[in-house]
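Structures for review follow.
Next come two complexes built around chain A: one with chain B, the other with chain C.
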Partner chain A sequence: MTGIHRDEMLGLICGGVALALLSLLPLLTEGFYLSFGVNLVLYAALSTAWSLFSGPTRFVSLASAAFFGIGTYSVALWLDALPFVVLIAIAALASAALAALIGAATLRLSGVYFVIFTLGLTELIRQIVSWSQSRFAHKMGLYVFTDFTEGDLYWMLLALTAATFSVGWLINRSRLGFALRIIGDDETVARHVGIATARAKIVLFMISGAFAGIAGAIMAPRYAYIEPQAAFNPMISFMVVIMALLGGTRRLWGPLVGVVPFTVVMELIAARFPNESLIVVGIAFLAIVYVLPSGVTGRIECLRERLRRSLGTGVDAPGCGKIEGRA
Partner chain B sequence: MKPALLSVVRMRKAFGGLVAVNDVSFDVSEGELIGLIGPNGSGKTTMLNLISGALRPTSGEIRLGRNQISGLAPERIAKEGIARTFQLVRVLPSMTAIENVIAGTAFVGDRTWGARAHTLAGALLERVGLTGRENAPVSTMTYIDQKRVELARALAADPRLLLLDEWLAGLNPSELLIGIDLIGEISREGRTIIMVEHVMDAIRTLCSRCVVMSSGVKIADGTASNVLADPDVIRAYLGDDDA
Partner chain C sequence: MLRRTFNALLISAVVFGTAGGIASAEETLKIGVSAPKTGVQSGGAAAVYWPNVQLWVHDLNQKGGIKVDGKQLKIDLVEYDDKSSPEEAVKNIQRLATVDKVDFIISPYTTGINLATAPLIARYGYPQLVATGNANDLRAFIKQWPNSFWLLGKASDLSTGIVGTLKTLRDKGQVGNKVALAYVAEALGLEMIDSAKPAFKEAGFDIVYETSYPIGTQDLSPVISGAKAAKPDAFVAYSYPPDSFALTEQAQIQAFDVNAFYVGVGGALTGYGQRFGKQAEGILSMGGINPDDQAYKSYRESHKKVTGQDTDYWAGAVVYASLEVLAQAIEKAGKERAAVVKAIKSGTFDTVIGKVSFEDNVVKKLWTVGQWRGGVFQGVNGLSVEGAKEPVKKPAWN
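Moving on, here comes the complex of A and B:
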């Protein structure tokens, strides 16, 4: 809580080195590997942003696609009028505002309602955008033409991932992060020590949503033609949840462990069996919930704890193999 | 007589048809240690939950100093200066002892945080007899030690009013003596305390005043010795034959 521990210092150095190495990718390759790299960092950013909120609160959000789409549309609507940096800020603010609304409406309810609400809301926004486009603009989509290369987008997404990590790390060290750990442990105690639990959750959901919105804004130039069906694609929400759960949400870097293998698998599936990708997503979801409920990192920590205990020095590992999601 | 710190006025809590607390009124003065006693199911813990905000009253009013606190959310009441322990000990299981205590101070009052919170929490753990156990995970601690952590967490808020819900329950005889001493010390420092308790030795030793409840109604209010000799109180505890 005070000062920087040695582990954290080590993590910082490793993270810095990894970031430096990864940022070299656009200089080394173009085409397939770079485009794969963009997907990878995109989902790294989205999953990490998702688990900022869903990790400690255990509320499963399916609103990633809503934030992503709002970010994409922020760019598509005003690209000709405003500089890109301003558009990114608009994307962040609009997504945070949406998160605040969702939070105020649902976070007092139990987790199941929250899941359904976020899924339904994303669909609703998509329908509203489709309707208003055909009603008022008389067209299906919007063109986004910029001078950004694939490499530029990759760098921006990489920077976004790094920013998400840094903010997550700062939150963990802050009063807000501490409040969320207390809420995760015992919400009754949290309220009795003076934590406005609903507000804490909403603030965190806004931060998480803002990052997903920025990811959408950065991706807009890549699509070139923005349609509601692509921008608010619910597949984005599902992929984010599956990757984060596969990696595990107890540690900040947990989702990354899920993002890398899953992106590779999805890329292979999309290339060989393009029509079966939904089936794979479904099976993967079931497998994760049943076999690895606390994710790869959770499993590793659990085994390590069990090993230490069998050596007679450890302590009880709470929730070995416990279902993480409250929903 | 000192001015009342806490005023409970015709407080009522009904769960459907069951009236758990039935128009109960009492005052607590600054610095007082009062015992809230009564047989099982008489509404003591419900009363405490109404004061701390865990439950919303059906009717009636509670004031802390000049501020009305009844109907406020528990986090607001905590900020007004009321801290509590729970009947079934509630520590934060994933955290260490010192983190549990810091939780008590980080969100109320001047929101002590960082190095100062560490120092404060360390001193409080020493205070409740857990010197050197700062970094022990609470999940590995014994029941009494968890109760100590919970007490330290409540004290960390530096509350104007401390609510202890059967804090002495479940302790063995030697632990009980230590516990009674500890509460006595805290009270002598001038802290205002309401304790719900079944351990009569503790009531006699510690409480200057007792409020007795039975079936949701206040049946006696006075010094511990007077109240415990009251025929109504004896009847409530032991039945008609012994009154």
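Moving on, here comes the complex of A and C:
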């Protein structure tokens, strides 16, 4: 590994400060804003985990809900028997194992098959869980009663997001990250230069899945009553993809800048237009695609580039001219 | 140009969207509600939950509001969509309690969401009158959340109602001993079958067929053909609304004739009777009411007039009754939440489903089985209810 670049150092400090500030939230409020914070951080963790894999490889995965559900069930099934830390480890391992299975089955195939397979997989797992619960447990819901407060969950999720970030950053700097970027650009070339493409993808998919699983485990106490329908909710997968794409997946912090505005806008819509929310959400989507075709990061980089250009330095940023040309 | 116009539009939309509501000078009683307007449960909520909330607010405000500490206060309803997700529901309850600071909360829709929000509702001390959920081990919940009240009784109360009805029919010599069972592999079906099977056996019934099917199954013909092959005298399904309709339809198509035909949730909907018309005659289902009762009759009428849709013969009335209980308890005890909880615990309330009172936070008087008779769903079995009709043998499909 090479030394740390000045820009990266700056990012690290900013990240550290932001993390410290964010972790103060539970001390300030216990009510709605904390709940909102939990949702925000949850999706921050999930989208970052998603883009760990999908960002560099450009494989769109709709399996977030499957990993999330597995994590939730890991806690629900053994809460009485094992300490919470162990349950989180189980959630991570189980999700990683599932990711390895999916990866081995589909990652040799091209992207489209992978998308469909991951979508179907969530449904399949949900049905298997439903079936086994009716078969063996004779009841559908599992209760998760813990002493965790909303603040505890928030802190855990925040730590998870930070961990996802650090791992992503380390991967980016490693040989694995380099290999993945080549795969994302052209898989055939990658194979020709001797990269074990399938293995690299599977390893990364496992890491990404494990983080999503941990997020599910942390959220289980908040659900209190775990049902397959709630735990394996396909909406989770879609939301994660939409938020990550809104942010942009070219940068590790991309999903993060997507999650925040998206969640805030959704919340405003839900509060202001409870009866027309679907229509307003649809309009909001159109607006987003129209105003931010290359995501928030694309927009930010474009603005930065324009600033630099006006100062007389820098080169043309890809994508910028096209956006402006449309007006 | 287009872009600039669009941006201007967008900004004005955002400004409009975020601008705070204009505070009214009049003092009101703020009531919060969070339930599905979208998602898997929205269909059920649109049938039995939302119209009754609307009707209740309308009724109270029309008569000048609710009497709190000597003042007449109008109801100010704050509503949110929980998107059928517990996560969203928790957030909504938080928002109602800490941002909107509502005086009281109408408890959410379905068992799962009621359980998921119970710890929060309890923390803020609101009474939680559950009209759309139940479970078998209610005692454990009530111990944990003593402010929760259950208007549909225990799951086993509901599931074993049909056992009693079949016994009555058997005593009259109208139905034999052989029963075919089907249930949806979801919370409701499993909780029900768990308590129903021992009850059937204890009553001396012979279960000749038993099957489960996943929720959302489109084709239920195998369930009916399997049951038909077992040649039962009675068919009992612990089903959800879409399946209740589909099973009835399949039974007709396959000419599956039994002397007692029972479906779960959904059979008490007015739409069910309308859908099957004359064929519905004699069909048994979960729920029930005394449709000749004057209170229910006038409730049914105003429901149609205010919301434009028909109420059902079970849960809708229970939802409305739960709101009546809340209002009466507030009138008695004032705005103090703990006092209202206490008032609900010990009081007796006059509602559209008759006198309601709680014994250890659970209603002990409830309808369990009804039967379609001449286009009306008549309650035929229940726990200490008045006005139950005698069940009769179902005629063959015609």
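By definition in this document, the second predicted complex is superposed on the first by the 272 of 327 C-alpha atoms of A that agree within 3 Å, B and C clash if a C-alpha of one lies under 4 Å from a C-alpha of the other, contacts with A are read in each partner's own complex, and residues count from 1 in each chain.
Going forward, a contact is a pair of C-beta atoms (placed from the backbone, for glycine too) under 8 Å apart; a residue touches a chain by one contact, two chains touch by 3 or more.
On a predicted model such as this, the values are computed, not experimentally measured, just so you know.
With both structures placed on the common chain, the touch criterion links A:G141 to chain C but leaves chain B unconnected. With both structures placed on the common chain, the touch criterion links A:G37 to neither chain B nor chain C. Within the superposed three-chain model, A:G298 lies out of touch with both chain B and chain C [touch as defined at top].
By the document's definition of touching, of the two partners only chain C reaches A:R222; chain B does not.
In the superposition on chain A, A:G209 contacts neither chain B nor chain C. When the two structures are aligned on the shared chain, A:I269 is found in touch with chain C, with no touch to chain B. Between chain B and chain C, C touches the greater number of residues of chain A.
In the overlay built on the shared chain, the residue A:G177 is in contact with neither chain B nor chain C. The part of chain B that touches chain A in the complex is made up of residues 52-54, 73-75, 78-79, 83-84, 86, 90, 92-95, 99, 102-104, 106-108, 111, 113-115, 117-118, 137, 139-140, 153, 157. Contacts from chain C toward chain A in the complex involve residues 1-4, 6-7, 10, 17-18, 37-38, 40, 79-81, 83, 85-88, 90-91, 94-95, 97-99, 111-112, 115-116, 118-119, 144, 185-187, 189-191, 193-194, 212, 214-215.
Remark: chain A residues 29-36, 39, 127, 130-131, 133-134, 138-141, 143, 145, 219, 222-225, 227, 229-230, 233, 235, 268-275, 277-278, 287, 290-291, 326-327 touch chain C in the complex. The touching residues of chain A, when paired with chain B in their complex, are 1-2, 175, 178-179, 181-182, 184-186, 188-189, 191-197, 315-316, 318.
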